[in-house]
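In the part that follows, the structures are each spelled out as structure tokens.
The same chain A turns up in both complexes below, where it pairs with chain B and then with chain C.
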Partner chain A sequence: MAFVNLKKKEVQVKVVYYGPGRGGKTTNLEYIYSKFNHRIKTEMVAIKTHGDRTLFFDFLPFDIGKIKGYDVKIQLYTVPGQVKYNATRQLVLRGVDGVVFVADAMVVRKDKNIVALKNLQDNLAAHKKNIFTIPMVFQYNKMDLAAQGIPLLSYDALERSLNAQLKVPSFEASALTGKNVAQTLKKIVSLTIASLQKELV
Partner chain B sequence: MSHTFSQKQLDGIEEILQEDLVALGVHCVVLIDMAGNIIANLDNGTMEHDIYSLAALAAGNFGAVSTMAKIIGEDEFSLLFHKGEKESIHFSKVTSDFLLVSIFGKEVSLGFLRLKVAEAIEKINKLL
Partner chain C sequence: MALSRHDNLAEEVETRLDELFDDNDGSLEGVEAGRSLEDSPLRELRAIVLSIDWEITDEAMTRFIDQVDRLRPSYQEDRLLLAFLQLLRPLGKYIKANKGRCLPEAIQLLNSVYTNFEKVASADAMPREQKKKILMAEVVRFKELKEQIAAHHGRKTPQGAANALSPPRTIGAGAQTVALSRADLAFLVSEVTQVIRAEFDALRSELNTLCGAR
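For the complex of A and B:
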């Protein structure tokens, strides 16, 4: 649920990185934080376990400048990917405006992606939102692992298994090296802003 | 879904927060929605908190505590308060969509703060 402040001419938009555990959601935010820290005035907030896994969420506010005279602040969140943290995942999705689904391209994680996507659909429905209408982008992460000989699903196989019905934009990426991380972010921001503009008219 | 407040509404809210809370010694007040967006924030001019992170964490914390309440069969907990050595923080639900976060020091008593927060919320509700 974006918030439009007519007094300060400011729009706050919430984008959530969703996906299976150890898929690279936090790494996406860490990369963005390290690359664009000149635009980010604050520290990245991370609530994690002692084992460095996300416990509640990561949070990164990001100024993207002015659109139609309004300062646009994008609030990036991640959810904890581990199955057991569904209650907190649902909380983080409250008021979400756009979703990046970070899928794990490793062959062994194929089913985990599908379970997480179904879980996203259910959790969005709990907030009366529809996975088919919310602005969304797929990011097929860990493409850098191919160089190490780790079996990865092909782009087409990932598209078939996750994006056959949703048909949203998708990127092959590596959150670790930064490949297509910024492109993913740009895409979800433009989709989300476009959808808000439609709503505000 | 998005929500928008008019300049008049925001001016009214800020006036209430200023007169009922900041003028009485509360260091910082932030009105947020449950998604963690900031609707209004005021402070006494000496605070330099990272309120965007604070808002995100407050919304998450409030959501987590509300869910805990439901698990043990309560609708909600009536007092949400964290006490620090110098600064303390108090959360109060305004409506099901909005939350008021107040940061205050030792010079303001919790009882007085709760009374004032309740009054401010009643006034804010009339503007929403």
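For the complex of A and C:
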């Protein structure tokens, strides 16, 4: 549930980038930060281990200005994708309002995507949230690798294996080059704010 | 009425987001244009370097070293290009041996040496002096990395463990670090504290389970 401060007319929206390890969640936030920092004027915090993997979470807060008289603040988080950090993932999901599931389009990662999606469902359920009702967007990442001859799952195959039941918006993307990174962000933020309309209007 | 309110809200949000995140030049084409290696002997090596960027596996690193060895005869006549390959090989071997435990600078250096190798190898018009300069910059970085590795191995375990974490960093600001606001910092500290607590709780219960199973 978003944090709404009626007195200060302020809304905090929490969006979490979820998905398998090495799928490109941090790269999404890094791209957003490096590309739009001059407009969103913020700082990004990332805490990493030696191998450059996310240890706790990445955090990128920014304001989008006043909407319906409310000051809307967006907080983007990533979770560590490695299986062993489930307690952290569960904690980061506390109070989540919207989820971007960053799937890895490489053929060899098909099963890891499914495991991570199931893990998301379980961890949301632990916070009494339903994967079928929470605002969510799929991002099928690493599409740039096709040019290097690395076998990738097709958009249809990814839709079938991950989005057949959820039927949420989805994007083919490359977090490394920025393709559809902003579109993914815009979609999840607008879906999430729309879901909060009762509090705002 | 409710629907019209909803539409207004959605419209307002979308306009605001378009203003903030207008991204016309973020396409794949923009980045990859002019870098086709269709018929180049480097095509395979570039694919491996890109895959290493996503995940370091034994297989990828073995392929990397093999590919560097395979390329050596092709550049035997050009000592400058050969020198790039001579830098890439030990980097590959170090990363293969240490994988996730290797210094992050090693992966950055591998990427940088490869990118410059590709640049120099494909820029026929570039003056030799400029190519030499690029190579020398990589050699200097390579030597610095060697020293870092030696220093890292020289440390005793407790200090080494303390250094296992890179300090929090601000990305994209180059060498400049921009301070977070007090509120953001306080918020982050409380979040990190809770995360650590949760990880310890999980670890504790795992240990209890293991002890109970004995």
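As a convention for this text, the second predicted complex is superposed on the first by the 193 of 201 C-alpha atoms of A that agree within 3 Å, B and C clash if a C-alpha of one lies under 4 Å from a C-alpha of the other, contacts with A are read in each partner's own complex, and residues count from 1 in each chain.
Heads up, the rule we're going with is that a residue touches a chain if its C-beta (ideal position, glycine included) is under 8 Å from a C-beta of that chain, and two chains touch if they have at least 3 such contacts.
The structure displayed is predicted, hence computed values, not measured ones.
Peer 1: Report clash or fit for the pair chain B and chain C bound to chain A in the combined superposed model.
Peer 2: With chain A as the common anchor, chain B and chain C collide in the superposed model.
Peer 1: Applying the touch criterion given at the start, work out whether A:197 contacts chain B, chain C, both or neither, answering first, second, both or neither.
Peer 2: The answer is second: A:197 touches chain C but not chain B.
Peer 1: A:87 contacts which: chain B (first), chain C (second), both, neither?
Peer 2: both
Peer 1: Answer with first, second, both or neither: which of chain B and chain C does A:9 touch in the superposed model?
Peer 2: Neither chain B nor chain C is touched by A:9.
Peer 1: With the two complexes superposed on chain A, say which partner A:61 touches: chain B (first), chain C (second), both, or neither.
Peer 2: In the superposed model, A:61 contacts both chain B and chain C.
Peer 1: Once the structures are superposed on A, label A:143 by its partner contacts, choosing first (chain B), second (chain C), both or neither.
Peer 2: Second partner only.
Peer 1: Could you say whether A:182 touches chain B, chain C, both of them, or neither, answering first, second, both or neither?
Peer 2: second
Peer 1: Under the stated touch criterion, name the partner, chain B or chain C, that contacts more residues in chain A.
Peer 2: So, of the two partners, C touches more residues of chain A.
Peer 1: With the two structures laid over each other on chain A, which partner does A:118 touch: chain B (first), chain C (second), both, or neither?
Peer 2: neither
Peer 1: Please indicate which partner A:160 is in contact with in the superposed arrangement: first for chain B, second for chain C, both, or neither.
Peer 2: Once the two structures are laid over each other on A, A:160 reaches no partner at all.
Peer 1: Looking at 25-33, 43-51 or 79-87, which bit of chain B clashes with chain C?
Peer 2: Comparing the options 25-33, 43-51 or 79-87, the clashing one for chain B against chain C is 43-51.
Peer 1: Name the residues of chain A shared by its contacts with chain B and its contacts with chain C.
Peer 2: Comparing the two interfaces on chain A, one with chain B and one with chain C, the shared residues are 43, 45, 47, 56-57, 59, 61, 87-88, 91-92, 200.
Peer 1: Give every residue of chain B touching chain A within the complex, in rising order.
Peer 2: Against chain A, the touching part of chain B is residues 1-7, 10-11, 33-39, 50, 52-53, 56-57, 59-60, 63-64, 67.
Peer 1: Sort out for me which residues of chain C touch chain A in the complex.
Peer 2: Touch list, chain C to chain A: 5-6, 9-10, 12-14, 16-23, 26-28, 30-32, 43, 46-47, 50-51, 53-56, 99-104, 107, 164-166, 168-173, 178-180, 184, 188, 191-192, 194-195, 198-199, 201-202.
Peer 1: Within their complex, state which residues of chain A touch chain B.
Peer 2: So the residues of chain A touching chain B come out as 1-7, 12, 14, 42-43, 45, 47, 56-57, 59, 61, 73, 75, 77, 87-88, 91-92, 94-97, 196, 199-200.
Peer 1: Which of the residues in chain A come into contact with chain C in the complex?
Peer 2: Interface residues on chain A, with respect to chain C: 22, 30-37, 39-40, 43-53, 55-57, 59, 61, 64-65, 67-68, 85-88, 90-92, 106, 142-145, 147-150, 174, 176-179, 181-183, 185-186, 189-190, 193-194, 197, 200-201.
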